[in-house]
Amino acid sequence: MYRTQLQLLVIVFFIGTSLWGKTIEVCATCEVKSIKEGIAIAADFDTLLIKKGNYKEFNIVIDKPLTLKGENYPVVDGEDRGEIIRIIADNVTVDGLHIINVGTSYTTDYAAIRVVKSDNFLIQNVVLEKLFFGIYLERSNHGRVYNNKIIGDAVDEYNSGNGIQLWYSHHVQVDRNIVQGTRDGIYLEFSDNITINNNTSINNLRYGLHFMFSNDDVYTDNTFENNGAGVAVMFSKRIKMIGNLFKKNWGTASFGMLLKEINDAEIIGNTFEENTIGINIEGSNRIEYKNNDFISNGWAVKVLGACYANSFINNNFLYNSFDISYNSKLNDNVFEKNYWSNYTGYDLDKDGIGDVPYRPVKLFSYVVNRTPETIILLRSIFMDIIDFSEKVSPVFTPDNLLDNMPLMKRSE
Amino acid sequence: MIQIENLHKRFGKNKVLTNLDLDIHGSGIFAVLGPNGSGKTTLIKCILGMVIPSSGDIEVQGKTIKKHWKYRQEINYLPQIANFPGNLRVKELIRMIKDLRQKQSKEEELIKLFGLEPFLDKKLSTLSGGTKQKVNIVLTFMFDSPLLILDEPTTGLDPGSLIKLKELILQEKNKGKTILITTHIMQFVEEMSDEIVYLLEGNIFFKGNVKQLMTRTNQTDFEHAIAAISTQTTDA
Amino acid sequence: MLKILKYSFYDLMRSRWSYVYFLFYLALGFVLLFLNNDLSKAVITLMNVIIVLVPLIGTIFGVMYFYNSKEFTELLLAQPLKRSSIFLGQYLGVAGSLTLSLILGLGIPFILYGLFRSDAIWDFSLLLVTGAFLTFIFVALSFNIALSNENKIKGFGYAVLLWLFLAVIYDGLFLMSLILFEEYPLDSFSLAAILLNPIDLSRTLILLKLDISALLGYTGAIFKQFFGTNKGLVVSILMLILWTILPIWRLVYKSKRKDF
């Protein structure tokens, strides 16, 4: 309630300022020839209309509430000399710029657009290319990053930056952005109450989306494809992950999602498809996994270390090489009413629930955890035989780890 | 025609042929005789190249047979037990052998002679032992080769067919061919053979014609002569 | 040799077992495609079948044929034919007809379900090529066993034992040595162990083509490096060819020295 009111207020406020402020045109043939010049002469709540052209500028500091609006994507070329735009005032809008050639440094995190200790910002329709860091929010709250396109060309992790980074920033919306070819597509550190919707994060070196020490965030309907790993959620609480697609995060140490020290999260209606590991879980408790589809992954869910009171309900496990892998004999998690394509039981009373419990952990996955080289024996008859004997009488795998109510048909 | 020198054959520890020399030349019927296990079949199979000699040399028509196979084109062989691939038809078998040897053949005449027409479309596994033997004979005699080797040719034949077989053998002999026969029917030997080769314990014990055999054993009856030659050895 | 091949082939083509084998694969292909209608999924299931059944059927069929055609062989031996031609002809006849049953039996349903319009065609071809290799290898091995054992029951027993060893026991020993020596680097050892068993080699080849390579993890880097490249494929195919040629060579060598 509070948030929608606030958004309304912000919008009304912006419309108001654009009506009330005057517009300053910036172009090669105009009176004002550079953006810096424009900012210098502008009054609060003015609009700088930047016409199509090439502006070789860097270290542009916006120190008053202004709107920078690009017409037909003017190019702001930093010539690799450092940071390009820094916002240090509240109520700033940057819209429709094409920013290229951010400087790379090993000591300073140069960004295309940096927002410092400023609230109510709006960054939209911006295209960033040849960048180090893309959009960097630092102790800035109640802003919006919308419909931007960030195209990096990162090769190595040590000299590349993140596409969108939030650091001690709260109540920010990150919507409909496309981030590719950076280190982490979207990175959150100490940032709470963030919503991340409908973004596409592909081909990033490390993670598509990365949470560190950030609580109460929500991300929905995003696509994470072909990243080093899809999403890493670490040391965070109460994160909601809904309706996202994790696809083709495929490689020797890749996973769709990594959960590390995560408590009280909800993971609902996501699709994990063709990842080496669908979800890798370490030390995470009280997480609800519901209505997710795990399709054709190497490992659908890999559980490492102590994970307590998690529940897997109504998920579909389809054609994964391994459905669940545990490295311990203990199990405190609940599996119920999931559909397992590897289930071979029957349903005599026709209630849609198999009469024989399903054991999702194979002995082979236990062996592979112990000696990874043994994976080379995947799909050999010998493995099938020992898997079968383990299924009949579990010795190495947790004997209470079973789905007592496996579904006969895929859950919709 | 056939010249064997120093032939040895061992099956494991069992010496079947030891230092055997044999010379067969000119046309005629040569009966290879001997008690069970004396090495008759082994000798024949050595000549045919089915058994590889441990040492010694065999020449057929003046050429060594070691590592050669084309000389078998000049030999017609009638195996002892007529075992044929069961799911072939008689006609197909004959056609196959003809195809393999690519030689002039006179199978139709022989089929008529032995009355095999009704069996031509039958599978070999359904034939009786006698009929199989007749097929066997047809396969052997249908080609024109200078050397014939017959291992127990009379097995399972009715008297009528036996007479026809004898006539056939004599015909071939009159064409100037060399014919090697093993058999246990002494009457057949007495009647047909020009020369007898008697094998004993892997070597040739006696070689000569029926008359010589009788003189040597002081017997008037051929069967007794053969029996006597065996007892001579047990005495010796 | 070609004539012997022809007759062995005809002989087999009219025998019940070739049809049973052919129909089995035909049925398997249709059932698999009917059940999940997805070519690439069916290829994975088929792999399991091929890895297990093709060697087993090749072995049993080879031994059976060799013993059953003893008379035929003896008949041929008295004919003006080279020994090596006789045995090679029979071998090629058996291996060829089994391979034909396999390729037609599986090929027909997959083609009907639109193989040529699918990207699974390469995986499927690889499957058939390895299947053919396994047939040729195991028929050759079984011929060797039959040639060296006059006793049918013994020969049959050895043949099944050989299959059991290569298909199951070998992997068991392999697994045990992997676990036993897990502190040591095992990459080269595993690679060698895989290359030395035609069944494992075929399985690995197919698995890596089916893109399960990423499951191999860091430790599997050497496998990816090896099998993932053309060089690896060439070496693997060479190993399979070697596995085919060695038993054939021994078959010819032994057959020249055997008494009948």
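So that you can tell them apart, the chains are marked A, B and C in the order they are listed, and the count of residues begins at 1 in each.
Please note the rule applied: a residue touches a chain if its C-beta (ideal position, glycine included) is under 8 Å from a C-beta of that chain, and two chains touch if they have at least 3 such contacts.
What you see is a predicted model, and the numbers here were worked out from it, not measured in a lab.
In terms of the stated touch criterion, subunit B and subunit C have no partners in common. With respect to subunit B, maximal separation of chain centres occurs for A (centres as means of Cα atoms).
Central chain (C-alpha centroid nearest the global protein C-alpha centroid): C.
Centroid to centroid, with C-alpha atoms defining each point, subunit B and subunit C lie 43 Å apart. The mean-CA centres of subunit A and subunit C are about 47 angstrom from one another, to the nearest whole unit. In whole angstrom, the spacing between the mean C-alpha positions of subunit A and subunit B is 90.
Shown for subunit C are the residues that touch two or more other chains, of which there are none.
Within the complex formed with subunit A, the residues of subunit C that make contact are 41, 47-48, 51-52, 167-169, 171-172, 174-175, 178-179, 182, 186-187, 190, 194, 200, 203-204, 207, 211-212, 214-221, 223-224. Every residue of subunit C that touches subunit B in the complex is listed here, in rising order: 3, 7, 11, 14-15, 69-72, 74-83, 256-260.
Residues of subunit A that touch subunit C in their complex: 250-254, 276, 298-299, 319, 321, 367, 370-383, 385. Considering their complex, residues 11, 45, 48-52, 69-73, 75, 77, 79, 83-88, 96-97, 99-101 of subunit B touch subunit C.
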